[in-house]
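Several structures are given next for inspection.
Common to both upcoming complexes is chain A, partnered first by chain B, then by chain C.
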Partner chain A sequence: MSKLGVYICSGCGIGEALDMAQVSKVGGESKAAVCRTHAALCSAEGVAGIRADLDSGAVDRVVVAACSPRFKTEAFCFNHGTIVERVNLREHVAWCHKPGDEDTQMLAEDYLRMGIARALKTEAVQPLSNEISDTILVVGGGIAGTTAAVEAANAGYPVLLVEKEEELGGRAAASRKLTVSMEELAETALYHPRIRTYCSTEIRKIEGQPGMFDVTLGTVSGEQQVRAGAIVVATGWKPYDAAKLAHLGYGASPDVITNEQFERMAAKGPILRPSNGQPVKSVVFVQCAGSRDPEHLPYCSTVCCLQTLRQIGYLREQDQEAQVYVIYKDMRTPAQDERIYRQAQDHPMNFFTKGEVAAVKRWEDGRVAVTADHTLLGESITVLADLVVLAAGMVPNGTENILHLTYRQGPELPVLRDGFPDSHFVCFPYETRRTGIYAAGTVRSPMGEDQGRRDAMGAAMKAIQCVELASKGRAVHPRGGDMSFPSFFLQRCTQCKRCTEECPFGALDEDVKGTPKPNPYRCRRCGVCMGACPERIVSFANYSVDMIASMIKAIEVPEEDEEKPRVLALVCENDAYPALDLAGLKRQPYDANVRVIPLRCLGSLNIVWIADALSRGIDGVMLIGCKYGEDYQCHFTKGSELAAKRLENLKETLQRLQLEPERLQLTELAIDEWDKLPALFDGFVERMRELGPNPYKGF
Partner chain B sequence: MGNTVLQPDTEFIKDLMAAGAEDVKKCYQCATCSVACELGDGAFPRRQMVAAQWGQKEKLLADPAPWLCFYCGECSKRCPRQANPGETMMALRRYATAQYDWTGLARRMYGSAVWEIGVLLLVAAMVIALFTVPQNFGFGLLRQHPEALQTVRLDLFAPKHVVHRADWIMAIGLALLLLSNALRMFRALTRGKHVPLGVWLACLPGMVADGLTQRRWAKCGESRMHWLRHLVLVTGYGTIFTLVVIFLPWFQVEDTGFHWTSLLGYYSTVVLLGSTGWILLDRMGKRSEMHRFSELSDWLFPVLLFLTALSGIALHIVRLANEPMATYTIYTVHLAIAAPMLIVEVPFGKWAHLLYRPLALYIAAAVNRSEAMDGYKE
Partner chain C sequence: MKPVLVIGGGIAGLTAAVELADAGAPVILVEKSASLGGRVARMHQYFPKLCPPRCGLEMHYRRLRESQAITVLTLAEAVDVRGVPGDYEVDIKIAPRHVTADCTLCGDCAKACKAERADEFNYGLAKTKAAYLPHGMAYPMLYAIDRAACTAGCRECETACKYGAIALDAPPETRTYKIAAVVAATGWKPYDATKLDQLGFGKCPNVVTNVMLERMAAVDGPGGGRILRPSDGREPRTVAFVQCAGSRDEKHLPYCSAVCCSASIKHAAYIRAQYPETAVTIFYIDVRTPGRLEEFYARVNRDANLQLIKGKVARVEENPATHDLLVTAEDVMAGKKNTLQFELVVLATGIVPEPGWLPAGLGRDEFGFVSGSNGGFYAAGCARRPEEVSATVEDATGAALQALACARRGARA
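Take a look at the complex of A and B:
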């Protein structure tokens, strides 16, 4: 039998807004061993009081009814393993509802009941403890990979650096000039006491999970097994397939080449016409060859403008009189690169114009004729060149035939719309959708060598973070530090495979029958599996279907004639919940008939909760989650999208039960849209009033 | 068009850069200049900048637009790339002046300081020789007339009828040269364009007004000061030119009494000394955008004009003071400055703009009007 302590704070305006004696009574009505009110619970004195009860053994779990759990986190953090449940009476009640009002009072009492229900259903987390490898495996020995290896090794971690070519260097080795010395970098890695470099080596197989990846390395002579705790993928880029650039003349003449081919030629020696080996007297550079083109690569490849300017420089080293034409969409030379642009512009024999290349053909004399429309010269122009260089864009080289993961969801990193394996390039750089595997450099976004190096440092830090957290049984981003993990009551599993398919991070493998095989270290604790399971066999010690259902049951639903509708709002704790805190902070009033329950992710929504709520007479259920679709903001990539799908299915069921589908609503909301919340709540409650009370009320 | 191959004239680019457009390549076509320009067509001078960058010599020599610019300098002031479009247009005018001259002398003089100074000195030497070598003219004639050493006798030193005739010969010669060059400009600017005679006639008054008043300049830039100063300079110059070429018998007088021509002469002197002196100070101090860059041709014109006026008034003073030798010497010096200035600057040099600019405006106006008429017909 758990010994619950309920502590209610009356500071920060809570005491003025509520009848504290009545609130306290709710605590008393529960089976709480202790129920106390304090004027400033977060003060040293207030905290000491709680601590004394814990130390004396009077209580073993605590409900703190005060401010939002997003504040005073440290003050209310007690001994390891102590269950602390926070009830938000400040931001969600006192600061945004009419003080002294009956509805406000009912809201506070409901929240306290819900918090007590939750606390009673919470179990102590038994942390994972396995032997965790702190070795970082780096895949790819180019600038980014080698940098990541050196950075991780310098931080004290053993590193395995795998490169498929004979030497380190990657594409940098084929470049004539770089701002980074690849030779120095490679030497540092090769002689580093904590780095083991495997060249001419491929990855044949990766099994396991963060902290314990079993990696099979293969060379021509055989295979070997190594163990790593986290992986940095720095497999770089490849040029956009030139065969798809026929409209820009690729293939029309051997003298039409890509920027990558030009770079290789320039790295080796003089720049000559591929067709006859004669010196080049005129060149046309066609920028954005594939890039920023909705039919090819929709993004800017970032480096082509600078690379072209550098390549003009190579040509100028051998010939001052050659004519150089650049046909661009926009010249993009951020930061100091602008100087190189200026320098190139200043040369009298360099000719720049914006334009659209309309035709590239072989001319009678063997040269190549490039025709461009819509030029700055006010007309279509045709220029003749000995050499045409297509500034082909960058595509990631890291999503095919590289990692050979033995994951149920596939052997490689899943990609987003443009083919990059990042999970969100703004919010979660380096994070892929495979926990413990981090992308660095051009594999995750086009970038130059300088940014690639910085990127490598970032990814190396992420990998270190991963092994450190794993060694303590803690989750990585975004629930960094969470020690809970899902457990599966497999006796009741029906092998429907929903959890193994829907897990955004591929954490669950399957046996031959389709039973899930959890890999807890791959898990990011979002609870999508819990929401997906129709048998409700997935639960966390501190987050479960039963727990949320108990909270819903704790809501007091007034009888029909009282005209007090009840709305349940299940909100994402990552964006919507803090947005609601902001609304409180800004004192934005909204309808007090709404009861908010935060979810780890809307993807953890189990539809049984909605059934529970509606059958208990709650008039409507709102779901508020992150934006989904192409520009998703979900911290678990597709949680709100999954919730939307589940909701659609549920609406059909609703109609069979003679309930209006309008009683369910899913809203996408970003954290900065807090100002929309009051109208959103008020509007929904108003619609529930119009619909009339839930007919199941009172059953 | 797309089918004809574009070949940049690389020599043209280098020549133009040498003629003052050294920053033309810096332009990245943002069109800030075109927005700043009060007189342009919306694409001016951006389009001329890219044409210059790309060595489009034929296109630019057939374009009247550089002559529409009076160099207020707003474009250069606002250029984010320091490409100096204003100075580039100036360089295009210098280049065009050199190209329109069929004798090739202008090209040599714009290309080389040695040539320019050399020709000036050569003409000056010829003038001095004219007064010193012959026995029946200038200092030679004085030897036969000792009385001319006691009192000033310009009629003996430089007989009016001879000088007047020489004035006319020079004026006609220079006019013919300038007109023949202007004809080449006319051909270049009208090639491939069909303008009905009626339109040419209708636009003629505008040309005269432009030539006399530079009225478009008044709309240009922030201040009208440069326009006004130039207009005053034109009146001073026009007055003295008329006095010397047409009214010389009344202007070059022997007695010390009052002559109506003296008043006009004083006016010209004051205006010429004042405005050219002011211009020279502006150029030396780089006081405004249009004076930031000065080529040799930009210096020589005001310097020579200033010296001409200075020697002219000095001549007047020593003559009234009855200093015969000083008078004859200064007379020679005065002509040794004025004659080379006119011979070099009018048909071949910067002064040619007195015809080129109104002509370009005239052609542009006529072409625009006939194109508008064509558009109306269609």
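Take a look at the complex of A and C:
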């Protein structure tokens, strides 16, 4: 039997807005061992009072009814493992509802009851504790992969570096000039005491989960089993298929080559015309050969402008007089690299023009004629050159035939767009939808060598973090540090496979019958599986279907004749909840008939909660989650989208029950859209008034 | 393991701190202003997703709140580092906040306060009281008192505060910590637009900068999110963006500031969303939207009310009667010079590295960006090169690994 302590703060205007004696009575009714109010609970004295009760054993779990759980976190953090439930009487009640009003009072009392229900349904988390491998597997031995390997090893971690070619180096080895020496880097890796390098090796199979990936390597001497804790995918890029560049003259003459071919030629020796081995006296560089073209690569390959400038530099080393033309869409040499462009522009024999290449043909004298329209000269121009270099773009090479994962959701990193596997572009660029597997360098985004090296270090850092967190039984981003994980009561599983299909991170495998096989270290703890399960067999120690259902049950639903509608709002705790806090901070008033319950992610929404709410007479249910679609904002990639689908299915059922589908609404809301919340709540409550009371009220 | 010192609480520093802590390293994060969040906290939306920066910030803050491994010091600056990689001592000077951790956010101090100060968070577009909350997504979420702005002798906030959280006479202090490595994420500031003589900033009220536009568009900005002409509070029907306002210019910033093109395209997108009738023109030298930002550019550029003109703007003049602006610029593709009229002009001012103290061993390149990584010091983010948020995050995560390696070597030694 748990000994509950309920502590209610009357500071910051809470005491002025509410009848504290009545609020406190709710605590008393809950059979709490202790129920007290304090004028400033977060003060040293207030906190000491709670601590004393915990230390004396009078209470063993605590409800703090005060400000938002997003504030004063440190003050209300007690001994490790103490269950603390925060009830937000300030931002969500006192600061945005009429003081001394009956509805405000009912709201506060409901919130306290809901918080108590939640606290009583929370169980202590027993963290995962398996033997975790701290070995980092790096796939790809080019400049990014080798850098990741060396830096992770320097930080003290054992590294397995796998390269499919005979030697480390990748495409960097074929470059004429780099700011670091690939040879030295490779040597550092080969002689590093913590790195085991496997060349001429491919990944045959990866089983398991972070901290315990079982990797089958295919080496020249046969298959070999190794274990790793986390994986960096640095398998680089491929040049865009030049055969698709016939419209830019590829194939028309041996003297039309790609930038990659030029680089290889320049790395080996002098730059000569492929057709006849004669010196090159004139060159046309055609930028964006394939890139920035919806018919080919819709993105910019980022490095080609700078690479062309470098390649002009190689030519200048052998010939100051040669004529160089560059036909570009935009010259892109960001940041300090602008100086390289400026230097190139200063050379009298370099000519740069914006333009659209209309034709590239073999001329009768053997040279190549390049015609460009819309140039800076205001007209079409045709240039005859000894050599034409097509700045072909970069195609990522990290999501096909690389990892061979034995995952139910597929063998490779899922692609977000254009062949790139990241899942949170902008804020969390290393995140993929496969926990513990991080893409580095050009697998993730087109980038040059300097950025690629730093990027590889970042991916290695994420891999290290993954093994460190796993060794403590903790989740990785975005619930970094969370020790809870879902458990499955499999005796009641009907093998419907919804959880294994919907998990955004491919955490669940399946046996032959379709029963889920959890891999808790792959899990990000979003609760999508819990929301998906029609049998309600998935739960966390501190987050469950039963817990939220108990909170809903704790809402007092007034009789029909009281004309007080009740609305339940299930909201995303990551974005919608802070927006609500901000509405409070800005003292934005809204309807006090709404009861808010935060969810880990809207994807953890189990429709049984809506059924529970409606059958209890709650008039309407709002879901507020992150924006979804192409530019989704969900931290778990598709939580709100999944909730929307579940809601659509439910609306059909609702109609069969003669309930208006308008009683359910999902709204996408960003964290800074707090200004929209009052109208959103008021409007919804108003519509519920118009619809009239839920006919199931009182049943 | 000794902690890693992270200098700067913007997105680079925050990222480095959280990544280090999650990898098991203790961190001291110092920020010279009253709140973490840096420049990104002042942005309305990120490109290319047009999403609010606070969404990601909140995730970092959550880690800070829950992690025992990170010590956050605001109004703090590192002033001296001594020692060897893995084993340094740092002096950190902390200016008094004049509000203690007992602050509950109730706001009574600001209500009682009568003195005002320019709101730097809003780039001077608004004022706050001398007792102020830095912003709605501040960390730590505490008020602060700007003593320089106080009325002499006034102690009304002290009387008003029910929680005894005001400490008007608190002195500055200097603390010394043992640390293993330093990540310098000292960030950037916008180029001073008043130096661009020909472009009218500071003289014409309807010439604003790109960072000011972010605040004008933000719902918690001075205009509540409505983008209005400063001269008369009207919706602008024509808006011009002047790219490379300072950047790629030998007289100002010889480098490219890397983010302004994408930023202006983002601005065009949200202005067009707010005002379906408004026409936007962008004057540019080259449109630089690398990688997948190209797709964002292509998408926004499909808008018939957005026009791009390749050409550098020579000058911006004002019609004093209407405060409308006359923009004279080359149109390189048409081979002529035009003067066009606009109701609002936005200068895409560039990125300048924040000056200030650096540990010896880190240098600056010819433009002032932090260069080199000597021993246990690593630069990250826009301190190192102008770059957008995503690249900053990558850079900071990479620098965090180098610092971690240094700290672990220190711990083993």
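Going forward, the second predicted complex is superposed on the first by the 699 of 699 C-alpha atoms of A that agree within 3 Å, B and C clash if a C-alpha of one lies under 4 Å from a C-alpha of the other, contacts with A are read in each partner's own complex, and residues count from 1 in each chain.
The rule we apply is simple: a residue touches a chain if its C-beta (ideal position, glycine included) is under 8 Å from a C-beta of that chain, and two chains touch if they have at least 3 such contacts.
Given the structure is predicted, the values throughout are model-derived calculations rather than measurements.
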Which holds for A:Thr302: it touches chain B only (first), chain C only (second), both, or neither? second
Counting only touches as set out at the top, which of chain B and chain C does A:Lys462 meet: first, second, both, neither? second
Please indicate which partner A:Thr371 is in contact with in the superposed arrangement: first for chain B, second for chain C, both, or neither. first
Per-residue touch tally on chain A - higher for chain B or for chain C: C
Which partner does A:Thr515 reach: the first (chain B), the second (chain C), both, or neither? neither
Regarding the shared-chain residue A:Ile381, is it in contact with chain B (first), chain C (second), both, or neither? first
Contacts of A:Lys354 with chain B and chain C, given as first, second, both or neither: both
Looking at the overlay, does A:Trp674 come into contact with chain B only (first), chain C only (second), both, or neither? second
With the two complexes superposed on chain A, say which partner A:Val426 touches: chain B (first), chain C (second), both, or neither. second
Quick one: is A:Gln323 in contact with chain B, with chain C, with both, or with neither? Answer first, second, both or neither. first
Jot down the residues of chain A that show up as touching in both complexes, chain B in one and chain C in the other. 331, 342, 354, 376, 378
In their shared complex, chain A is touched by residues of chain C numbered 18-19, 22-24, 44, 46, 48-56, 58-59, 61-63, 65-67, 102, 104-106, 136, 141, 162-163, 218-220, 224-225, 248, 254-258, 286-295, 298, 310, 332-335, 365, 367, 369, 385-387, 389-391, 393-402, 404-405, 408-409, 412
In their shared complex, chain A is touched by residues of chain B numbered 1-8, 10, 13-14, 17, 25-29, 43, 46-47, 50-51, 53-54, 56, 81
Residue numbers of chain A touching chain B in their complex, please. 321, 323, 331, 341-342, 345-354, 358-359, 369, 371, 373, 376-384
Contacts from chain A onto chain C in the complex sit at residues 11-13, 40, 42-44, 67, 70-74, 151-152, 154-156, 291-292, 294, 298-300, 302, 328, 330-339, 342, 354, 374, 376, 378, 417-418, 420, 425-430, 445-447, 451, 453-462, 464-465, 468-469, 476-478, 480-481, 574-575, 578, 582, 585-586, 626-627, 631, 633, 635, 670-675
